[in-house]
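Next come two complexes, and both contain chain A; in the first it sits with chain B, in the second with chain C.
Showing the complex of A and B:
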């Protein structure tokens, strides 16, 4: 492995990708187990599952685009859109279940008025819960988060593929980097968050620092491996 | 309090230091034994030792999950299992690639162990100092988890490919996609035991027996994969040993469940042989 200016660029790309994943997690409306019982706002599963789901879709979309072109911007856009579609369809189908099967109105307990639609929230929050369903603000926030995750995944995958030229190895390595950053970020929000309007969102600088340290260490390891050819 | 030892702040019947020693020594020795026997006798029959070595690592990892998660991390137990495997896969690929570059395949497990231990410890420090978790066993627990994840992935990768060579593992495990099975089966083996058994009546021995049981299931999966990569004889041997281990530990687990439960009412779904 020759150490040159490209290596530094690769390291920086992986670092930025890891940071995008870590910050993106903060945008996704993760409700965890309470949301699965419609007792909290957001999607009813854990951060890691959501981040991994959208990130891996982003990886696949980026990998597919990479097989036909090597234009960085197209690959990044493909990754972001792929992950955005994945998280968007998850929230959409989740909303159908909340609306038609569980039968709850979509309401956030963290804000009095939805910043996007301006609808009043507190009258619709059932007593004993902290909101339910996926209100508009959470949906928009989730889309942004998913697209950031996909962008981050593509940003990690692209330099890895250029370093070792092995798609399977790059994908597994990207998944590893992705999971480490997603878990650190999910620890920062302590499992649940509603989106960028949630007070917990202000904690993102902690995740930024933590993900930066972790990503640098992972990037240093990843530029050293070879494709085994 | 019975022999099991319960979670809450993690008092335990088996000392974590001892379990760590057994886990590290058992898995490293197992992987080396399998690799040396395989290459010395020019066969792949001994690949199953890799899957057995992974069981030692999984028990160590499941115990670390139990210690850390007993404090409550807020994100659910699966997140820490996925973190273990995420750190593990990077350590494995890094270690094997470095060993190939340095020209000695047998250096691989040592490099993997060092990288995984150091990286896991740093993640633990980040979690405590930057994210402000303030869980006293976080550094230690994350180092354990990282090493356990790495050694388990290495053990199962060896069980499928039959050698420790980087190129062979790339071609037999990564390019074929069997790594996905290892990833999920391994993640389950490490995270599922505490996730399934947690609660005020959690007992260490029951959790760890569950870990062995799930890793034996993973061994069945690697056995099926090994049939495709190494041929019928060594794959089938692995599958049969995995099934025997699973059956034995499933019965043991069921016995422990009956010991700890106030009452067990059968639904008739389990055949009489396992009860």
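Showing the complex of A and C:
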């Protein structure tokens, strides 16, 4: 292959995509196993699982858009919106269960007042738990995170498809690069986070550096593969 | 957009709803994913039980495996052996269900025998009559998702560029993520802990104290499926159905070639609608349930 200015642009695009995924994971309000028992605020699953579920749904939307247009902005927006719809439906139906099956009001234990709605939180936190449900601030943060993941996935897929012209190969590589960055970010989070209002969110620069190194290495490996599948 | 493709989108939405429901019930019967931490813990804190225990992996990778296996087998049969699509999809889902059975049984034996020191038994009758239920639900999930992938690749007016197995892998990840975020709360937050006061999260002190007695006799995983089918399963189905339907509806009703920005704007509209609806639920629940009376702090409710 020719290593020219375009290749450098592709590597930079993959790097930016990887960073978007890594930072986006920090926005997703995941409570892990405790949230599944309404013991912690957020969505009751793991960080990587949810980020992958939403980001890759965005990848599907971006892949479809890229098969009919080569306008980068439309592809990126399509990826972000696809991911946003997935994470939005997940949080919404999760809210039904918290509200109507477990019967808990939504409350965060990390802030006294919801920064968006201004609702007081501590009186609504059950004894022996660290919050439950998905308050508006977590919902909005989750949407931002999911959409960043979808944007990142599309950003990784776009240059790969331009290089090798093979949708299947590019998609598999995009899934791989996506998961590496999501896992690195979730180590930084250490299990649970409520969103951008959580004190843990301030640790994002560590993930930024680690994801940058990982994405550069993966980008170098993936731009060299120009076909074969 | 024509009536035929709109019908296909509706069929995909329906298949996705069924897939979501069966995925959640499969994970509830097998006790997979996050609530299984309590089932695992129960024996260790002195509560041996008759609940199935199969934590093969997180739900998303597990379901991605079943769905991708089904789609891969179906794709091979369709392309290499010119088999009719429906038969090929059935055959693919059956292979996926067999994989599921092998993983489930080995996981149950491994998990429970490793807890022998806590007096947890391996119940052969549980293995015999619970495993087929798990496999049957995995079959439904794998079949529905492989069929959605088939429709997206071969039947929609704008065919998806990814091959069937990759689409199935991604939808499998998505359905697993939704199942573990939505339906598992009904199983973990409500069904496992019906012995505590209603209307609060699980107090950390009660960890591992799961309900072990049923209406008659000892509770097993089939009882849990009966309960979770009433709300957790359908809600999961609704979550996955909404994802598949809304995402494909906006790119079918608006042509992605000429009306791409309208398709994106419609997606953003749906997202805003969801924020508003969630906020409505939050407000109504706060008003109906009120603050906890045990709260001693000085922040007004």
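Convention: the second predicted complex is superposed on the first by the 228 of 229 C-alpha atoms of A that agree within 3 Å, B and C clash if a C-alpha of one lies under 4 Å from a C-alpha of the other, contacts with A are read in each partner's own complex, and residues count from 1 in each chain.
Following the convention adopted for this analysis, contacts are C-beta pairs under 8 Å (C-beta built on N, C-alpha and C of every residue); 3 or more make two chains touch, one makes a residue touch a chain.
All values derive from a computational prediction rather than experimental measurement.
Engineer: Overlay done on chain A, so just call it for chain B and chain C: clash or fit.
Structural biologist: clash
Engineer: Have a look at where A:168 lands relative to chain B and chain C in the superposition and call it first, second, both or neither.
Structural biologist: both
Engineer: Applying the document's definition of touching, compare chain B and chain C: which contacts more of chain A?
Structural biologist: Of chain B and chain C, more residues of chain A lie in contact with C.
Engineer: Is A:206 touching anything from chain B or chain C once the two structures are fitted on A? First, second, both or neither.
Structural biologist: After superposing on A, A:206 lies in contact with chain B but is clear of chain C.
Engineer: With the two complexes superposed on chain A, say which partner A:32 touches: chain B (first), chain C (second), both, or neither.
Structural biologist: both
Engineer: Of the partners chain B and chain C, which touch A:224 in the superposed model: first, second, both, neither?
Structural biologist: First partner only, chain B.
Engineer: In the overlay, answer first, second, both or neither for which of chain B and chain C A:214 touches.
Structural biologist: first
Engineer: Based on the superposed arrangement, let me know which partner A:184 touches: chain B (first), chain C (second), both, or neither?
Structural biologist: First partner only, chain B.
Engineer: Touch test for A:97: chain B only (first), chain C only (second), both, or neither?
Structural biologist: second
Engineer: So in the superposed three-chain picture, is A:176 touching just chain B, just chain C, both, or none of them (first/second/both/neither)?
Structural biologist: first
Engineer: Just chain B (first), just chain C (second), both, or neither: which does A:49 touch?
Structural biologist: both
Engineer: Between 8-16, 26-34, 80-88 or 260-268, which chain B stretch has C-alpha clashes with chain C?
Structural biologist: Looking at 8-16, 26-34, 80-88 or 260-268, the stretch of chain B that collides with chain C is 260-268.
Engineer: Is there a shared patch on chain A that both chain B and chain C touch, and which residues make it up?
Structural biologist: 32-33, 46, 49, 52, 168, 172, 175
Engineer: Would you tell me which residues of chain B are touching chain A in their complex?
Structural biologist: 73-76, 78-80, 82-83, 85-91, 93-94, 97-98, 100-101, 115, 119, 122-123, 126-127, 130-133, 166-167, 170-171, 174-175, 177, 179, 183
Engineer: Show which residues of chain A lie in contact with chain C when the two form their complex.
Structural biologist: 32-33, 35-40, 43-46, 49-50, 52-54, 56-57, 59-61, 63-69, 71, 74, 77-78, 81-82, 84-86, 88-106, 112-113, 117, 119-129, 131-136, 139-140, 143, 167-168, 171-172, 175
Engineer: Can you check the complex and tell me which residues of chain C touch chain A?
Structural biologist: Within the complex, chain C touches chain A at residues 33-35, 37-38, 58-60, 158-163, 166-167, 169-171, 173-174, 176-178, 180-190, 192-193, 198-206, 231-232, 235-236, 238-240, 242-243, 246-247, 251, 256-257, 260-261, 263-264, 267-268, 270-271, 274-275, 277-279, 281-282, 284-286, 289-292, 294-295, 297, 299-301.
Engineer: Can you list the chain A residues touching chain B in their complex?
Structural biologist: 32-33, 46-49, 52, 166, 168-169, 172-173, 175-180, 183-184, 186-188, 190-192, 206-207, 209-210, 213-214, 217-218, 221-222, 224-228
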